[in-house]
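There are structures below to look over.
Shared between the two complexes below is subunit A, which pairs with subunit B and subunit C, respectively.
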Partner chain A sequence: MKKMDLTPMLKPKSVAIIGASRDPDKVGHVILQNYINAGYSGRLYAVNKNADADIMGVKTVRSILDIKEKIDLAVVAIPAQYVPMALEECGRSGAKTAVVVSGGFAEIGNTKLQEDLVSVAEKYGMPTLGPNCLGVMDPRSRIDTLFLPTYKLSRPEVGGVSFVCQSGAVGSTVLDLISGEGFGLSKFISYGNAAHVDEVDILNYLMDDEETKVVIMYVEGIKRGKEFIEIARKITKKKPVVVLKAGRTAAGSAAAHSHTAALAGSYEAHEALFRQYGFTIADDLSDLLNYAKILDSCDFPKGNRVAIITNGGGTGVLSADAIGITESLQLAEFSPSIASSLRKQLPPLVNIRIPLDLAGDADDKRYEIALNAVTSDSNIDMVLAIVLFQTPGADSKLAAKLVSLKERMNKPLIVLSVGAEYTAMHTKMMESAGLPVYESPTAAVRSLAALLKYARYRGMK
Partner chain B sequence: MKKMDLTPMLKPKSVAIIGASRDPDKVGHVILQNYINAGYSGRLYAVNKNADADIMGVKTVRSILDIKEKIDLAVVAIPAQYVPMALEECGRSGAKTAVVVSGGFAEIGNTKLQEDLVSVAEKYGMPTLGPNCLGVMDPRSRIDTLFLPTYKLSRPEVGGVSFVCQSGAVGSTVLDLISGEGFGLSKFISYGNAAHVDEVDILNYLMDDEETKVVIMYVEGIKRGKEFIEIARKITKKKPVVVLKAGRTAAGSAAAHSHTAALAGSYEAHEALFRQYGFTIADDLSDLLNYAKILDSCDFPKGNRVAIITNGGGTGVLSADAIGITESLQLAEFSPSIASSLRKQLPPLVNIRIPLDLAGDADDKRYEIALNAVTSDSNIDMVLAIVLFQTPGADSKLAAKLVSLKERMNKPLIVLSVGAEYTAMHTKMMESAGLPVYESPTAAVRSLAALLKYARYRGMK
Partner chain C sequence: MMELLDYFDGKRLLDKHGIKSVESRYVSSAQDAVAFAAASPIVLKLISGKALHKSKAGLVKLDLKGPDISKAYSELVSKGRLLKPYRIIAQKMAKNGVEIIIGGRTDEQFGKLILIGLGGIYVNIFKDFALRVCPIKQEDAQEMIDQLKSRDIVTFGGKNRKILVKLLMDVNSLLVENRSISELDLNPVVARADGYVAVDIRMLMQ
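So, the complex of A and B:
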């Protein structure tokens, strides 16, 4: 399979924004503004056929052909009918890659226009993303072709999760949600109609990208089945790929076709393929984020036995239920020696069994005793620590303690904390230190199951 | 069935806090502090056997027998072994109801002590809640027996949802979550070991409580099956009851027994009973809140056909999928006359089909056209309006427009908005005006299905 080099698109030394404008209502204005705001430090050019010397202080030309150097990335934000010609100029100027954010192609029946676009991209061997997409974002290189202002769509921090998304709407909302999560972004690639660069090319690139630890993706349809299988087989042996596939039902499938002209195909067939090649399957947007979080921050478990440590009995019960429902996980039991050691260290009212209910007055010291025991118990493979910050003993000292325990723990540890402001404050603190925190028993336990499943696919090495 | 009068517990004219203390580490201190903070305007007494004239400015006595009047509510927060004696004094003093927050009874094997407590409650015919519970909260009467400080556990606003909860941990976290939702609280009743007042008594009371529009409940076990069925049959004909039952699995069931000494029984048997009597069954904590929200604010639909209106294609596709998965709901289709009227009013690029994708530049005017059409289309029973606030046309004007459209709409309308800060701001605005907003396609669609199910149980009147 021929590999497209997307490095000039994601790490460009020079960018030309075709359609950059002074008019704040124009897409090209917002894109240029975002580049300026993000502090992109490469060479930036505005291209506008009615151009003056500069737009918002950025050197401006009438055509990309007027730029002296060969541009790494051309961002195209002009009406659809002018796109093929603009791309032709990009090609002639020696531009290495292009991102076409403009819509108005195959998704509304203009297949001819889209074919013209592909012809130009192929003629110049110029990887071209889109059309009808949000483009790319890379917080490391500060590349951001999104035409959505930052006050509406918060941008995530730097991290290890790459997000590949066919839909601009799903892309922008999930990106916005990631900005509130503890994990950070490696690359965001919204590929829209997938006319030239498609999911196969993107996965092929991300497979060898050292900054990408986990890939999450939303797809509506896969065009090149054979090549997809080839890349799927390889990438999941190197890094986890979480996939949310639209078109699970007849209703969704028809809607997907109308949206990106994707032939959604049989969901069952896709699901079987995803499973066979070790993809982690998400059922909803929230799964995408929940699974990314645990895969980004936890090592593989050695088995399926989960210890629950809690300061709230009922939440422990609900989590035990959630474990029962997964079928793949099971509730751990303490080894006799560990149990008797805990018996000596914990207050008499604490019942030494799993879920271990440390009681509503548990503080950081009591959690430390419990988690140290869990660490040295070979009958336990993973740990779910439930911390209800409404209780008297749960405070920032406990949150900090959990972070430090995670760092020296030899098995996956995640936290479940449910609540409003006071809880959110501590969740943020723990997550930014690399400890994944979940908001519901189901989300926490399903994420442990996803981690186990992928670990098994990889032979739990 | 004998009905216990819980009005003196929830609307007390006078309250005595037994175990009130100056020591900030004592439960009785936090409870008294919360009463003072909440601005309770009835007569408040502190009871402490080592008492001085007052604690934190509240009139203080050594025994409840020293209070001249008959107290409506005695809150008991002293060590377990002293509880039966304190309750005896409550009874002798003529106290009408009691809430025992103290733990240390049947849940740790002290069944004798719990029996003693019940004997006293029965002897005096004094409805006694607990032990091992958080007690009650009523934002209208400003009653709040919770021993958790408000900075850790935010208190909800006044509203129509009553929350009945066996577990204190689940109770406190869900209460905290409700504080961030648009709907408000009628009563919170945490009943712990259910030694005297149990779920049957509470539902019997809430059934006729005019302030309660929706009941949500978390239960670990039901003790009086026959009486429960009797009340279940009646209450769901008057108002919806959403139930989350712990012990769905062997693991959860065992954990529940260790927690509140509840015999969780077969979940299947409970579930069948809940379904037969029209309960709305929650699978997770999030369902409790999601279902409460829609049942509190939407009228019954006339059928199962859902229109999706969106400004983001992919999110429309995911929602169509979620509808397909429910089986009970179906995607609506526009009537021909409505479709042709829409064709004239909407931009040419908008495809007139459901999901109706108004495109990324849709503003309040375009939504108004679409929602007016939906209102007059007799082929549509419910509406899911997806608004992605990341897009240029979605702003506070659109949020306000949706609120006013909901008010004059003749069918249920809910909103789906996914995102971070900017989205959260608009969600809060819409929810506080009575328009339910959901954060994921699955949550939104499952909630519509729950509304339909209950409407069908009630004969859709």
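So, the complex of A and C:
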């Protein structure tokens, strides 16, 4: 498999924005503005065929051919019919990569125009992303080809999760959501029509990208099945990939000639492949974020036994129920020595069994006793700490204590907190410090199950 | 263009890969069928490219003995008028067991796929199946079985698990080594605690 080098696209030393404009209604204006806002520190050029002066203080030329250096990344934001010509100029100027954000190609039936684009990209061996995409974002190199203004779409922090997305709409909403989560972004790559660079090339790049710890992806369809299998087999041995595949309801063809074909349509084939090669399958957008969060911040568990520590009895029981529903997880039991040591340290009203209900007045000290015990108990593999911040003992001190305990703990620890503003504030604090927090027992428990599943895959293969 | 492979050509392919199927023969008259039955109960089936759901369409006559054989034969002949060309096949009645489906299909993106599920009339009701991309490994076959909600029924509480894993591996090589198989249904395969037998074979070739 020929590997495309996407480094100049994501770590460009120089960027030219073709279609940059003074007119705030133009896509090229927003993109240029975003580069300025993001604080891109490489050499930035605006390209506009009618320009007679610099745009927004950025050095402006009429053609990329007028730039003296070979550009790493050309961002193309002009009407579709002019794109192949502009790309031709990019190729001739020695530009290393291109991102075509413009729409109006195969997605509306203009396949010829798209073929033209591909043949230029191939002629110059110039990895070209899109067309019809949001492009790329890398908060480390401060590049941002998104044509969505930052006041409308918040940008995530720097982190280890890379997000690969075919759809621009899903891409932008998920990015917005990620910015509200505690985990940060490594790369965002929206590849649209996948005319030249497709998911195989992108995964190939991310597999060896040291800044990427977890890959999450949204796909509608995979174009090169055989090559995809090849990369799928390799990447999940190095890092987790969470995938959300659209098109679930498009079941096997109704007019199928066999039962097998009626059961196993295209969606099912994709799902089978993902399962087989250790992808973490998300059923919806919340799964995508929930799984990313736990895979990004937790070590692999050694087994499937989960301890629940709570300051609310009911939520503890609901979480135990959620564990019962999964086929893989199991509620842990304290080993006798740990149980008797806890008995001595905890007040008499606390029953020493899991779920361990520390009672409504539990404070950071009581949690610390409990969490130290589960840390040293070899019968426990993972910990779900439920903290209901509505109770008298739960406050910022407790949140901080959990964060510091997580750092010392050699097993996965996640938190479940349900509530409004006061809770949300603490959720944010804990997540920013790398402690994943969930809003429902189901989400928390499903995420633990996903972590265990991937850990087992890694242990097996 | 896909075409239905002759039942016995399909059976020979199964034999070659060590996949067991029930003793069968084409019959061209009621007497033929009676002779095939000897003293044991048989099944008569009408096979036509125009009929996928044989049992739903009343094209499968089960557990026939003595005079029932001739009666069933003429019923099939009259149903066959609308389904030409067709042939009638006689099979020895399989012992009781759990009906499962083993299938395969060529996916345009990923190539050959292999499937195991709860079979017979339950295929479309429960849609309880597991699918993988070929070639599969032993561990994949194990996981496929584990993925079935009906795994305890299908494996008789684990008793025939090894047999089913072997069956999946054999079907895997059948699919991988015969590129022209576009769709495969072994439905049902009658699984028992100590073995299995495929009682229907449907192979579509490219």
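Note that in this section the second predicted complex is superposed on the first by the 444 of 461 C-alpha atoms of A that agree within 3 Å, B and C clash if a C-alpha of one lies under 4 Å from a C-alpha of the other, contacts with A are read in each partner's own complex, and residues count from 1 in each chain.
Methods note: a residue touches a chain if its C-beta (ideal position, glycine included) is under 8 Å from a C-beta of that chain, and two chains touch if they have at least 3 such contacts.
In this text the structure is predicted, and so the values were computed from the model without any measurement.
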_Between subunit B and subunit C, whom does A:M460 touch in the aligned arrangement: first, second, both, or neither?_
second
*Regarding the shared-chain residue A:L349, is it in contact with subunit B (first), subunit C (second), both, or neither?*
first
*Once the structures are superposed on A, label A:I108 by its partner contacts, choosing first (subunit B), second (subunit C), both or neither.*
first
*Touching A:C90 in the superposition: subunit B (first), subunit C (second), both, neither?*
neither
*Which chain makes contact with more of the residues of subunit A, subunit B or else subunit C?*
B
*So, does A:L206 touch the first partner subunit B, the second partner subunit C, both, or neither?*
neither
*Once the shared chain is lined up, is A:I78 touching subunit B (first), subunit C (second), both, or neither of them?*
neither
*asked:* Which partner chains sit in contact with A:M4 here, subunit B, subunit C, both or neither? Use first/second/both/neither.
replied: neither
*Which holds for A:L285: it touches subunit B only (first), subunit C only (second), both, or neither?*
first
_Which superposed partner A:L148 touches (first subunit B, second subunit C, both, neither)_ = first
*Return the residues of subunit A at which the contacts from subunit B and from subunit C coincide.*
256, 258-260
_Under the definition above, what is the set of subunit A residues touching subunit C in their complex?_
221-223, 225-226, 228-229, 256-264, 266, 268-273, 275-276, 460
_List the residues on subunit B that touch subunit A in their complex, please._
25, 30, 104, 108, 148, 151-154, 165-174, 176-177, 179-180, 218, 220, 244, 246-252, 254-256, 258-260, 283-286, 310-318, 320-325, 330-331, 349, 351, 353, 355, 357, 360, 388-392, 418-423, 440-442
*How about subunit C: which of its residues touch subunit A in the complex?*
2, 52, 101, 103-105, 107-111, 113, 115, 117, 123-124, 127, 129-133, 136, 139-140, 143, 147, 183-185, 187, 202, 204
